[in-house]
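The same subunit A turns up in both complexes below, where it pairs with subunit B and then with subunit C.
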Partner chain A sequence: MNLASLRYLGIGAGTTIGLAAAVIVLGAVVGMLLATARLYAWPPIGKLAEGYALVIRGVPLLILLIGAYFSLPYLGMDMPLYAVVILVMGLYFGAYMGEVFRGAIASVPRTQWDAGRSVGFRWLQVFGIVILPQARRLCVAPFLNVALTVVKNTSLVSAIGGWELVAAGREIGERTGDLLAVYLAIAAVYFAICFPLARLATFIERRSHA
Partner chain B sequence: MPDPLVSIEGVGKSFGANRVLKEVSLSVGKGEVVTLIGPSGCGKTTLLRCVNVLETYDSGLITIDGETVGIRLDTAGTRRRRPDHEIAAMRARVGMVFQSYNLFPHLTVLENLTVAPVRVRGLPAAQARDKALALLERVGLADKAGQYPATLSGGQQQRVAIARTLAMEPSLILLDEVTSALDPELVGEVLDVVQSLAADGMTMMIVTHEMQFAREVSSRVAFMAAGEILELAPPADLFGDPKNDRLRAFLGRYRAAHRI
Partner chain C sequence: MDFAFILRSLPLLLEGLQLTLALAGLALVGAALGGIVVALARRSTLAPLRATSLAFVEVMRNTPIMVQIFILYFGLPSIGLYPDAFISGVIALVLQNSAYVGEIYRAGIESVNRTQTEAALSLGMMPRAVLLQIVFPQALRRVLPMLGSQAVVIVKDTSIASTIAVAELTHTGKLLLDRSAAPYETFLAIALIYLAVTALTLGALKLVAIRFPVRA
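Entry: the complex of A and B
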């Protein structure tokens, strides 16, 4: 592989990272909404959020991506490919992140609510000042694990004609004929992105048990 | 009796079919220390939690300084739950110390004492800090200000919890079995702090299993069993000359268990 190929792969990697970042941000927002709905909302809304998470987690992401990208235009929503990808993946991984957040919030002891209320905090203050900071500690590691999955799953975008790291590599491979080297390079780039995240997750997990 | 600060009138509460409080009435005067004793599950902790609206009550009325607690009666006499901010405002004036300390583990000792005065009272941070340090001094933990609760012993944590409560300058403090989770050798340091509060004239309602302590610190002691107050008297009378059979049996069991 020559320098131009490497640079091309670099641009692909940048696209992957940007895409993953957008999906993680949207997923976190969706996840937070789902978690609060399930924990604190009027029960029918909570059930709805629970049902959403169940359905989403039972369907392959690829099917959702293909289904959304090719059927949205028929519904009069002609969105650019990357917008569809971010929306679908954000909603999809939001379901997983919702589970992570809900678990973390629910594992802060009930007695912390008592303590927060007894010093005169209002509901939102207890939640924001007492509960969330403790839940955040508990959920960093599992959240990073979902983030890893997001990074790797952005490769599905090439299945609906999107361009990112894998697509960039495939083009190089087709041009040079050296498919093995290219795919090894792609794997190495994914690893380079994910390894620090995985190490961070283990580090935080270990520290929080201390 | 001095002016009543807390008035509990005919308060009843059920958890499902289980009636944990049956028409409990009790008033606590300003500067008085009223201790609730009784077997486990008799409703004393529930009563204390009702005073701070950590539990709701089904019937009767609790007032603090003439203000109804947790509920408001409209003109037709219907009970309506007070909105969140009104309940919070009342809790800000009532301190509570828990059996399991319940410090905020993600905040330092100092922050545990300043967070509520700053966020609820709107006290300037520097002022809250000075006051917190003075309170930590008072409970003998000034050197622990920068540490996290998990690094302290149970007795130290409970003293911080008391200081956290004092930081809000409450007019009433509720203590719920504050020594029950402590190793025996740490009980004394916590009780000393409570005793000093009583000496300063702090109004307190205390749930405890430490009979000797109840005897020393209380203005009056209430014996509860099965959701009722069966005897209410100054400690010398209640411990020295118990009238109620169940109280006599309770004290007998206690003395046998503690060999005193």
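Entry: the complex of A and C
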């Protein structure tokens, strides 16, 4: 592989990272909504959020991506491919992040609520000032693990015709003819992105147990 | 909604489901066994074995399964090997999930209190018997929920074999899509079939967990 190919892979890696970042942000918002709905909302709404998470985690992401991308035009919504991808992946990984957030918030002791209320805080103040900061520390490591899964799963975008790292590699491979070298190079790029994330998650997890 | 279309395509979808189940079944068994090798190698007293297995686990966990499948199916022909698409899918699923399952086993083994091993050894049991009769049964019971989630991941990841034209459920769906103008009916039906398979997988593991409870 020559320098131009490496540069092209670099652009692909940039697209992958940008895509993953957008999905992680949307997923975090969806996850927070799901977590608060399950913990605090009117029970039927909470059950609905629980059912959503259960159903979405039982279906392959690839099915949702293909299904959404090819069905939306028939339903009169002609969205650009990247918008569909970010929306579908954000809703999909939101379900996983919801579990992470819910677990973290639920593991803050109840007495923290009572203490917050007893000094005269309103519900939202207790939640925002007392509960969330403690929950945040607990969920950093599992959150990073979901983020890592998001990065790896952006590779599926190339299966519905999107352009990112894998698609960039395929183009190079088709030109040079050496698919083995190019796919190994792609694997190496993913490793370079994901391994530091995984180490960071382990480091934070160890420190929080110490 | 054209439900008649789904009913008409059902035989085709069930054919796809057969291949999905074959992929998932082989991958589950392969990963359950491969995981034992990984876990034992990670806990080996030989440093090179420990290092190799750690490297294997890190590489498998930090690269996408789709790229691993592509390396096997599109990459190996560059060096004169031509693996079948189905075989490539099975090998990739087994390799990646052996790494995950191995780490789950290892976490289970390490969660069993050392005193259990020491007690068994002091009763005169051989180290191998201690591992098989004392440590493994306790470890496995504790990690059953994690093994269940990993089994669901395996079932879902078989869909990625559709990208190398293995005619499993997802691939069948794409074929139906090309022939018809009923994308959401098709994919709703397929999503429901996957949901049923993953729910049954989790249900089966729940039953196993009830039969083999964790004893405090």
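Convention: the second predicted complex is superposed on the first by the 210 of 210 C-alpha atoms of A that agree within 3 Å, B and C clash if a C-alpha of one lies under 4 Å from a C-alpha of the other, contacts with A are read in each partner's own complex, and residues count from 1 in each chain.
Here, a residue touches a chain if its C-beta (ideal position, glycine included) is under 8 Å from a C-beta of that chain, and two chains touch if they have at least 3 such contacts.
Computed from a predicted structure; not experimentally measured.
Superposition of the two structures on subunit A leaves subunit B and subunit C fitting side by side, clash-free. Residue contacts after overlaying the shared chain place A:V166 against subunit C, while subunit B stays out of touching range. Contacts of A:L48 after superposition on the shared chain: neither subunit B nor subunit C is touched.
Of the two partner chains placed around the shared chain by superposition, subunit C is the only one that A:Y183 touches, whereas subunit B remains out of contact. Of the two partner chains placed by the overlay, only subunit C lies in contact with A:S71; subunit B stays clear of it.
In the superposed model, A:L148 makes contact with subunit C only, not with subunit B. In the superposed model, A:M79 lies in contact with neither subunit B nor subunit C. More subunit A residues lie in contact with C than with the other chain of the pair subunit B and subunit C. In the superposed model, A:G120 lies in contact with subunit B only, and not with subunit C.
For the three-chain overlay built from the shared chain A, the minimum Cα spacing from subunit B to subunit C equals 26 Å.
Residues of subunit A touching subunit B in their complex: 111-112, 114-123, 125, 129-130, 133-134, 137.
Contact residues on subunit B toward subunit A in their complex (touch as defined above): 52-54, 84-85, 88-89, 91-96, 98, 100, 102-106, 115-116, 119-120, 164-165, 168.
Here subunit A touches subunit C in the complex through residues 55, 57-64, 66-67, 70-71, 74-75, 148, 152-153, 155-156, 158-159, 166, 173, 178-181, 183-184, 186-187, 190-191, 194-195, 198, going by the rule given at the top. Looking at the complex, you find that subunit C touches subunit A at residues 58-59, 61-68, 70-71, 74-79, 152, 156-160, 162-163, 170, 173-174, 177, 181, 183-184, 186-188, 190-191, 194-195, 198-199.
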